[in-house]
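In this document, chain identifiers A, B and C correspond to the written order of the chains, with residue numbering beginning at 1 in each.
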């Protein structure tokens, strides 16, 4: 592969604002008195709670077991007592079931998994089972169970590690690659073994030169190649990443394995390495707490169940009242209206956005400038689809391939009329799905 | 959390947090910024117009710009719509484009009537900015041309540098000229010919067009295919029968082709959104323009051709929808 | 002069020729229709609300004539109108209980919390973003999707809450599907007392986010003439519409959160949070 940064069609270049936290080493958050672990942290079926109120749990003990193939188990972030199992604010501003654990302060490991030190000679099936048991999900944001991707039903020839971190502001993956370089590569090698592959490729955006050079220094030891990617949002989107690295187009509605690829986030790779080498389940992650209003932006290692309010407190609180609180990055993150939401396995960032940056919804009509068409990485016509949705013509939106939309938000970002394009697509997809379900029922 | 910390940590007030859909940041582009840039791009042509036609040209421009803005404000008031839309600059731009389509000898009431036609008939009756199917400035120009053919086709001969140039001298537009009266190519290029304010100096218009292309306000496909088509068709016609029509370069530089291709046909609202659509649009404009110029009854066909293609824009857009990313593979696989 | 005469003659001739062609085609391709359908369509109100379950008044008229439905299914027509249609066709008008819509939520912005929301002003779009941004996950989202759908302007938005005017509502049910929270139900028009809450959460959770939530204290259940008039489902009480309570229940029950209300007084603005 050449050294020229790889890129895809379309995309936008928002100001990356990563300088706020890029140079801050990862700190481990201190042990809290109480954790509220949201039960459903993955795409797919929610796990089934196996503890009850009053139970004593050890760190890493199973709290909820997987309820199917596309489901992952949940483990206790620390040792203590289950003090409540009730609803708490979830990441979509809707209450969701959660398990409250009051820590006993001992932070004592239960019986973790047996470390598999000799992973190079271990049976890939055993390694894969470890990924299943450790409850690892895609930690880049989507929360798709990792083991599902590791069980392709089609031949796979390429393992891609996603270190693009194209979202502005976020630096969690950047710090991870810099500080735990060998863990990332080790995870890549283990994942490659599970898939029966010799090599893996890790794609990193060119705005992280220190991480790229550090990865390059060790990569050959693990049979991994490092590929520089052009700085272009949404470079980290699975389909765009695959296209940039391999030139293959994932079909609409298809999966990476349809083109022989498996994509895993770098943080997930480290979680895999931890699960195999140390025997630890997925109970912590690195999260960036940042934004202009934050007093001390930085990167922290949080356990799942840490309330956002504690995370913001650790970052020194805020200088001014922010306009928005987001989980994730500014392009695809979810706006929150409660500080009681807790860190989940896929919380890559806690972002506070200042009032000046919040664009107001103005509902100006489309002037058909075509900027959204140019920016769309999926080559659909956002302006036309949005008009179809405004007229509630969801059949028309479907014909215009709204299903291909990855909701990256590039179109809304560039729109001079500040139209809520992305929200329109979300609506269209929801309505199309509802219509299909209705039809199936009939 | 360190226990020793005593300073009060200010936390965000959760009740004031705004919820909205992603993305939560936006690029800085706005409608008015786009309009201002097109306005700037028209400045070389405006200055050239004043240089060749004197202060009378400036008067026409000021009247049209103010007229369009005034009509916009009055219409919004009468229609009980939010009154701020004149601030986005689209009305002012329509006014300037309209002025570019008038002769410096146009009386004041033509300017005001044109503004009224452009804003009300061309834009507001369809629902305002973004909903108009036709370029408002061209709607006004064509309405005036048909309503007042005498006034709209008598041109003032250029008097470079003469600020007080008045309507004493009249000349023919280069496209109506025949045989020996043909203007020289260099006069056409610099603009030393009679015509509308914006039809004269190809150089000034090219400067503005380059700026728009550089700022990526317009798609290169429209002006390129428009001008190329006119050049090819008129060139062939001239080649076959030199008596019929002047050579291609003359056609490209004369009349309203430059302003039409760079400023009128590229109007975002009324031109196709897709790149392929823009190519088709430009070629269509070029064909109609050439046909009218070479064989038609009017000496100039740019405005008619653009208006006609405006009407076809929704259709072009519909048939040039590209295949989305990942679409081809689906087809292949289902075929297998 | 000759020219004018030629032109007039030519145009007249052309017109006559085209008229002939059109007339001939109309006859040749005429579709047999029952003339009664047209008459019945004219006797219907013509608002095309769809409340009868058919695609507009003409379709409904066809269904009546073909005997697939009865005139009374038109929710807009009064009994006088339906009787006239029945008389014309020589059938019975049929019987149907009049229903009206009820939005089962009393949580206007004054009594519950709502985060500032910046996005498409439409309930079905808003719920996709932040569950509607209101404190209660089950309450009225308040972006007027139902009010826009109502052909009779019977739904009014008051401080982020949809309020049905019982005297204007004809029970066509067009609003029912627009509500992403499924708050709107069609209830017998004779019943005036309803529970304005739809949250199945525990009482303590509900009171945290809304002042007028039903906390399942069962005061109304006990105050009702007999126990079956109100049904208790978990932490939520609702009318038993097949054996509905009478209006004085609101007086007798003294609902501590005022979730039990009279629809007529609710619309008139007699309760906290929905005053005009």
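Just so it is clear, a residue touches a chain if its C-beta (ideal position, glycine included) is under 8 Å from a C-beta of that chain, and two chains touch if they have at least 3 such contacts.
Small disclaimer: the values here were computed from a predicted structure and weren't measured.
Novice: So, comparing C-alpha centroids, which chain is the farthest one from chain C?
Specialist: Following the centroid criterion, the farthest chain would be B.
Novice: If you tally the C-beta contacts for B-C and for A-C, which one comes out higher?
Specialist: Counting C-beta pairs in contact, A-C comes out ahead.
Novice: Compute the distance, rounded to whole Å, between the mean C-alpha positions of chain A and chain C.
Specialist: 42
Novice: Which whole number of Å gives the spacing of the CA centres of chain B and chain C?
Specialist: Using C-alpha averages as centres, the distance is 49 Å.
Novice: Could you list the positions in chain C whose residues touch two or more of the other chains?
Specialist: Residues 115, 118-120, 128-130, 133 of chain C touch two or more partner chains.
Novice: What are the residues of chain B that contact at least two other chains?
Specialist: 15-21
Novice: Can you pull out the residues of chain A that are in contact with at least two other chains?
Specialist: 93, 335, 337, 358, 361, 420, 423, 426
Novice: Across the complex, what residues on chain C touch chain B?
Specialist: Touch list, chain C to chain B: 113, 115-120, 128-130, 133.
Novice: Under the definition above, what is the set of chain B residues touching chain C in their complex?
Specialist: Interface residues on chain B, with respect to chain C: 15-21.
Novice: What residues on chain B touch chain A, complex-wise?
Specialist: Contact set of chain B toward chain A: 1-2, 9-27, 29-31, 33-34, 127-131, 219, 268-269, 271, 273-274, 317, 321-330, 333.
Novice: Sort out for me which residues of chain A touch chain C in the complex.
Specialist: Residues in contact with chain C: 87, 92-95, 335, 337, 358, 360-361, 420, 423-424, 426-427, 430-431.
Novice: Which part of chain A faces chain B closely enough to touch in the complex?
Specialist: 9, 12, 14-15, 30, 32, 93, 168, 239, 243, 249-254, 258-259, 293, 295, 309-310, 312-314, 316-319, 321-326, 330-339, 351-353, 357-359, 361, 364-371, 373, 377-381, 383-384, 400-401, 404, 407, 409-410, 412-418, 420, 422-423, 426
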